[in-house]
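Quick one: this structure, given as C-alpha cells, is what I'll be asking you about.
As written, the chain order gives the labels A, B, C and D, with residue 1 at the start of each chain.
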Amino acid sequence: MGNYLKNIWETITTMLTGMRVTLQHLLSIRRNNVTLQYPEERWPRPERDIGFDHSNYNVIRSRLHVDIDDCIGCLKCERACPVDCIKIETVKVPNRGEDIRSIGHTGVTANGTKKAMVVSRFDIDMTECCYCNLCTYPCPEECIYMTGGPNSEKHEIDYEYSEYDRNDLIFRFAKKVSDEEIESATSVSGVEG
Amino acid sequence: MTDNLEQLINDAVEKALAGDMDAINNIEDRVTRSKAKAALVKAKREAAKEQTEKSSDENSIDSSDVKQDLTINENIAELLIQQFPDDIIKELSSKEHIQIQSKNWLIISKYLRDDPACLFDSLQCITGVDLGEESDLEVRYNLHSMTHRHAVEIRISCLRNKAKVPSVESIWRIGDWFERETYDMYGIEFEGHRDLKRILLPEDWEGWPLRKDYEVQETYHGIVVPKVKEGWE
Amino acid sequence: MIVDWLIDWFPTSVAWPGLTFVVVVILCAIPVFVFIALYALVAIYGELKISSFIQDKVGPMGQGVGLHAWRWGLLQPVADALKLILKEDIIPSSADKKLFILAPFIVFIGAFIAFSALPFSQTLIIADMNIGIFYILAVSSLGVIGIILAGWSSNNKWSLYGAMRSAAQIISYEIPVALSIVVVIMLTGTMSMQGIIQYQSGLIWGFLPNWLIFNNPFTFLAFIIFFISGVAECNRTPFDIPEAESELVAGAFTEYSGMRYAFFFLSEYANMFVVSGVAATAFMGGWLSPIPGMLNTPAWGLFWFMSKSMFLIFMMIWFRWTFPRLRVDQLMDVCWKGFIPISLFNIFGVGIWHLIVG
Amino acid sequence: MGIVKGDQMVLNIGPQHPSTHGVLRLKVVTDGEIVSDIEPIIGYLHRCFEKHCENSTYEQVIPFTDRCDYIASMNNNFGYVVAMEKLMEIKVPDRVEYIRIIMAELNRIASHLLALGVYGLDVGAFTPFLYMFRDRERILDIFELTCGARLLYNYMWVGGVSHDLPVGFVETVYGFLDYFEPKLKEYNEILTYNKIFIERTADVGVLPPEVAISYGVSGPNLRGSGVKWDLRKDEPYSIYERFDFEVPVGEGTVGTTGDCWDRFYVRMLEMIESAKILRQALKNLPQDGDVHQAIPKKIRPPKGSIYQRTESPRGDLAYYIISDGSPEPYRLKMRSPAFTALSVLNEISRGWMLSDVIAILGSLDIVLGEIDR
C-alpha cells in the first residue's frame, strides 16, 4: 500500500515538474524563440578569414567556384575528387603564356604562371559533389574554391541553390566556345608561332 | 623599380608568415599582390617541409614508445603453441598475430575464451582479406579480453575456391553477424553457422564483392548496373 | 430546449408529425455541425501555436502565398482543412470498401450527437433531457465502433493493432468516467444537465462558488479522474497508444487520407470538446459565472461555458506536448488498478461526507 | 490454466517506419502485442564503403568515413586518422591533438543529444526532442564556424586538421558550455525523471553484462550494463590520458542495471563528462602551432596492417587497415559499434511488447549509415 501511494505521489510530482517546465517555455516564447521566418530572415553564416589567398574566400562550403582564367589545367583537383564530379579537358597551346583572343584565353594566371593549356572543358557536377573540400587544397593556382554566403562580394550566390532541371546543376566553367574554334585557334596560332 | 617591388613582396611575405595577412592584402596593385601571395605559398610550403622532416626525425626516436602502447599479449602465442603444437603455423606468426590452421579453430577458440590465462571474452572484429587474385583468402579475428585487458589477432587462411572455416558463432555470439558479413563479402563459408546468408547485400546478389577478382554483374533484376561514370551526357 | 421551442413553433396541424420532427432535427444539426467545424479550426490553431510556444518556436506565422499569407498564420488551419478536403480520396484495393467508407462517419456521429445535450448557456441547449449526462456517456462510446471498423476494414496490420488497442482503452476508461459521474449524480440528485448546473449556483465556504470541484475533496478527486479518463477516451497523449505514431505509424487511421482522415481529425477535436464540456458542466458550474450573482445573463453564460471548456482543452494540449506515452498494458494498469479503485472509494467517501457535512 | 497461444502474426516494421532510425527492417513475429522473435534485416543503406575505400586514396577515404556515422562524423574521422597516424608513425603537434579532442567531444555531445532526443520521440515525448535539437544546433554552428560544414566535416586529416581554429573559438565554446550545462537539469525534469518515462524504460530490455560482452556491444550500451569500459580511459589514444574525467556506468537507479533507462542515463552523464573534458582542453589548448605542419605530402604508409579502436559516441569504432605500400588502402574494414548493438536486439527484446521493442531499439542508439556502411 505504501508503495502504491508512493507511486501515485511520484507520478503527480514528476508530471507537475514537467508541466512547469513546458509552461515556462510557453510563457517566455518571446525570449526563447529559436526559429527564423525562413525566406525573409536567414541565419547569419559565420564569416571568417582563414588566411586563404582569396580575399572573398568564405569558410562556408556552399558551392564550388573556378576562376577559369587562372586555371592551368593540371587536373589535380580532378584526381583529388573522391566522387569524380570534376571533369576537365585541355588542349595544348603552341606558345606558353600567350593570350588567344579569339577564344578568350588568357596566357598568364594571376599568380604569374604561364599557361600551357587551354581548358576546353571544366565541368563540376554539383549534384554529385560531396562538399569535402579536397579539390581546393592541391590547386597550385588556388583557382578552385568554395564560395557562398552573403559576405562573399564577388559571388552573390544563394546559399540554397536549386534548379528546375538537374542538368542545370552541372556547372560549366570553361569559356563557351566550340571544340572546332579551340582547335582552329590553337593550330592557327601554332602556325603563326 | 623591380628591386623595389621585390623588396615590397619580401617584406609582405615575411610579415604574413608572422601572421599579419593584412600586409599582403593591403598591396594595391593586383599583380604585385598575387605575386606576393604566390611567394607566401611557396614560403609556407618550404617551412612545412622543413618541419615534417624535423618531426619525422623525432618519430624515429619515438617509434619504440608506440609499440609499447599496444595491448597485444605476446605470451598468448607461446601458450597456444604449447597447447596446440600442430595447429599453429609458426613461420607465419609474429608478435602481433598468430596464424593457425582452420581445422581445430573451434577448439582453440573455446580454449581462448575459457582458459584463465587468456579469457578472451570479446570478439572485436572479423575481417576478411583477399591476399591477391592468385592466392588465398584470409580471415582475421581480433580478440580482446575484458578481464586481462589484452588483445590478440588470429589469422586463418583458406583456399579461394573452397573457402571453409569453422564458425565461432557459438563461442562469441557476435560471430553470427560478423561471419555473415564476411560470407557476404568474400564467400567464405563458416561451417556450423546456424543461418549463414547474406546480410548487407540482397540475397540474390551474384559474386563476392570484396574479392579482388570480383566483376560487377551486368544486370540486376533486369536493371542495368551502372558502370563507373564515363564522361557525362 | 431549442428542440422543444422549434417543435412548438411549427404548426401542429401538419399532416405528418414525423416530418416536423425531421425538419427540426436537421435545423438543429446544421448549426451544431458549423459550430464543430469552426471550433475545430480554432482548436487546431491553438494546438499549433501552443505546441510551438512550448517548443521554443513561433509556429505558423503566415509567410507564403494564398491562405498562408495572413497575419500570425491565422488562416493556417483553414488552409490545412482545404488541403485535406481537396486531396485525392484513396481507398486501398484490399480494403473492405463499404466499412472503410462508413467508419469515419460513425466515429464522427458519436461525437456529434453528444453535442445535443451540452448546455451552452441557460437557454442554448438543443435538448435538455432528464437523463442528459447519461445520454452523453452512452453516445460518446459509440465512436469506438467506428474505430474498430476503420482498423478492420483497412486490412492493414498496423490499423488492426490500433483498433484493438483503442477498443480496449475506450471501453476500459468508460468505467472510471461513469463512476466519477455517479459522484455528481449522488450529490445533485439529477441527471439533467441544466439540473446539475442549477445545483451548483450559490456560494460555498462563504467565498467560493458552489462548484462541485470546490464542494469537497472527493468531488475534486472525481473531477481529476473524470478529466484524465476523458483525455484517455479522446485518445490523446499520454494515452494516445491507438495512434502512437512512433509505434503504429498512425494506428487505425494509417490507411486514411484526405477527407476521410479529416473526419477522424474533426471527431477527435469534437470529442475533446464534449469531454471538456461535460467536465465544465458537471464539476465547474457550466455556464455559471465564477462570481455568483453577477454576469449571469444567457450571453455571459455562453461566454463562461466556452471559456471553461477552452481552459480544459488547453490543459489537454498542454498534457500532449509535455508527456511521453504509456505502454498499452500500463494504460490498462492505470485504469483498472488506479482509477477504478479510487473512484469506488470516492463514491463511498462522498456518501460519508454527505451524511456528516451535508 | 495454461497460457492461451493465439496465432502468430508476422509484422514488418520498416523499412519505412517512423522509429527505425533509418532504413531498417525488423521482421517481428508477434503473438498479440507480445513479440516472440525479431529478425533485423539490414543493408538498405549499403553504400559499398569498404569497396570504395579500396579504390580511393587514403585522403579520399576521410569523406567516406564522415558518411558512415553521419551523426558523429568528427569521431569517425578521428578514429581513421588515429589509425593512419599509428600506421605511418606520425607524431602530430599538441595543438592539433587538442583541437581534435575538442571537436570529438563536442560531437559526442551533439550525438548524444540526438540519441536522447530521438529516444524521447520513440516513447512519445515530442518536446524534449526539440529542446535537444535546439542545443545540438549550437554545436553544429560551432562546427560551421570552424570548418564550414554542419554535418559532414572532413575536418581531421592524417597529420593535422583542415582548418585552424577561428578567432574567438575558445570563447564561443566556453559560451556554449555555460549555456549547455544548466540545460541538462531541464532535460532531467521534463524527461528523465518523468514517471511515465521511467515506467516505459525502467526494467525494460535488460542487457546483462555477459550477454553484452558476448555480443560485442560497446560504448554507452555496455556501460549502461554496469561494465566500466571506456577506451578513452582504458586504452587511451591521442592525448586522452591527460584529461581527468569519470566513466559513468549504469547502476539500476530506477530499475535493473542494464535496462533502457540506464542506457539513456549513461548518455546523459557522459555529456557532463564531455563538458568536463572540453573545459580542460580549452584551458590547456596551445595558443600557437601550425595545424598543417605534420601533414605528410604523400600518404603512403609502409606495408603492414593495423587494428585501431577508438571510442565513438556509439562505442568501439575500429578500423582495420591493410596497406601494401601504395597510395590506396589494400583493405579497409570498419568495425562499427552500431552493428554489434543491433545484433543484440533480438536477444533482449524477445517477450516484450511491440511498444517496448521500439523503446529498446531507440535505447541502443543505432545509426543505419554505420551499420550498413
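Going forward, a residue touches a chain if its C-beta (ideal position, glycine included) is under 8 Å from a C-beta of that chain, and two chains touch if they have at least 3 such contacts.
It should be emphasised that the depicted structure is a prediction, and the values quoted were computed from it without experimental measurement.
Hopping across touching chains, the smallest step count from chain B to chain C is 2. Placing every chain at the mean of its C-alpha atoms, the farthest one from chain A is found to be C. Chain centroids computed from C-alpha atoms place D closest to the centre of all protein C-alpha atoms shown. Note: centroid distance chain A to chain C, computed from Cα atoms, is 54 Å. Between the Cα centres of chain C and chain D there is a gap of 45 Å. The mean-CA centres of chain B and chain D are about 20 angstrom from one another, to the nearest whole unit. In this assembly, the C-alpha centroid of chain A lies 29 Å from the C-alpha centroid of chain D. Within chain B, no positions touching two or more other chains are listed.
Chain contacts: chain A has residues 15, 18, 21-22, 34, 51 touching two or more partner chains.
The residues of chain D that reach two or more other chains are 127, 134, 190-191, 194, 196, listed in rising order. Chain D contributes residues 56, 59-64, 66-67, 127, 134, 137, 141, 144-149, 152, 154, 162-164, 166-167, 186, 189-191, 193-196, 198 to its touches with chain A in the complex. Across the complex, chain C meets chain A through its residues 50, 52-58, 61, 63, 318-319, 321-323, 338.
Partner chain C is touched in their complex by these residues of chain A: 8, 15, 18-19, 21-23, 25-26, 29, 32-35, 37-40.
Against chain B, in their complex, chain D makes its touches with residues 42-43, 46, 48, 50-51, 54, 86, 89-91, 210-211, 213-216, 227, 229, 234-235, 290, 292-297, 307, 309, 316, 318, 320, 322, 331, 333, 335, 339-340, 343-344, 347, 372-373.
Against chain C, the residues of chain D that register as touching in their complex are 9, 11, 17-19, 33, 120-127, 130-131, 134, 190-191, 194, 196-197, 199-200, 353-356, 358.
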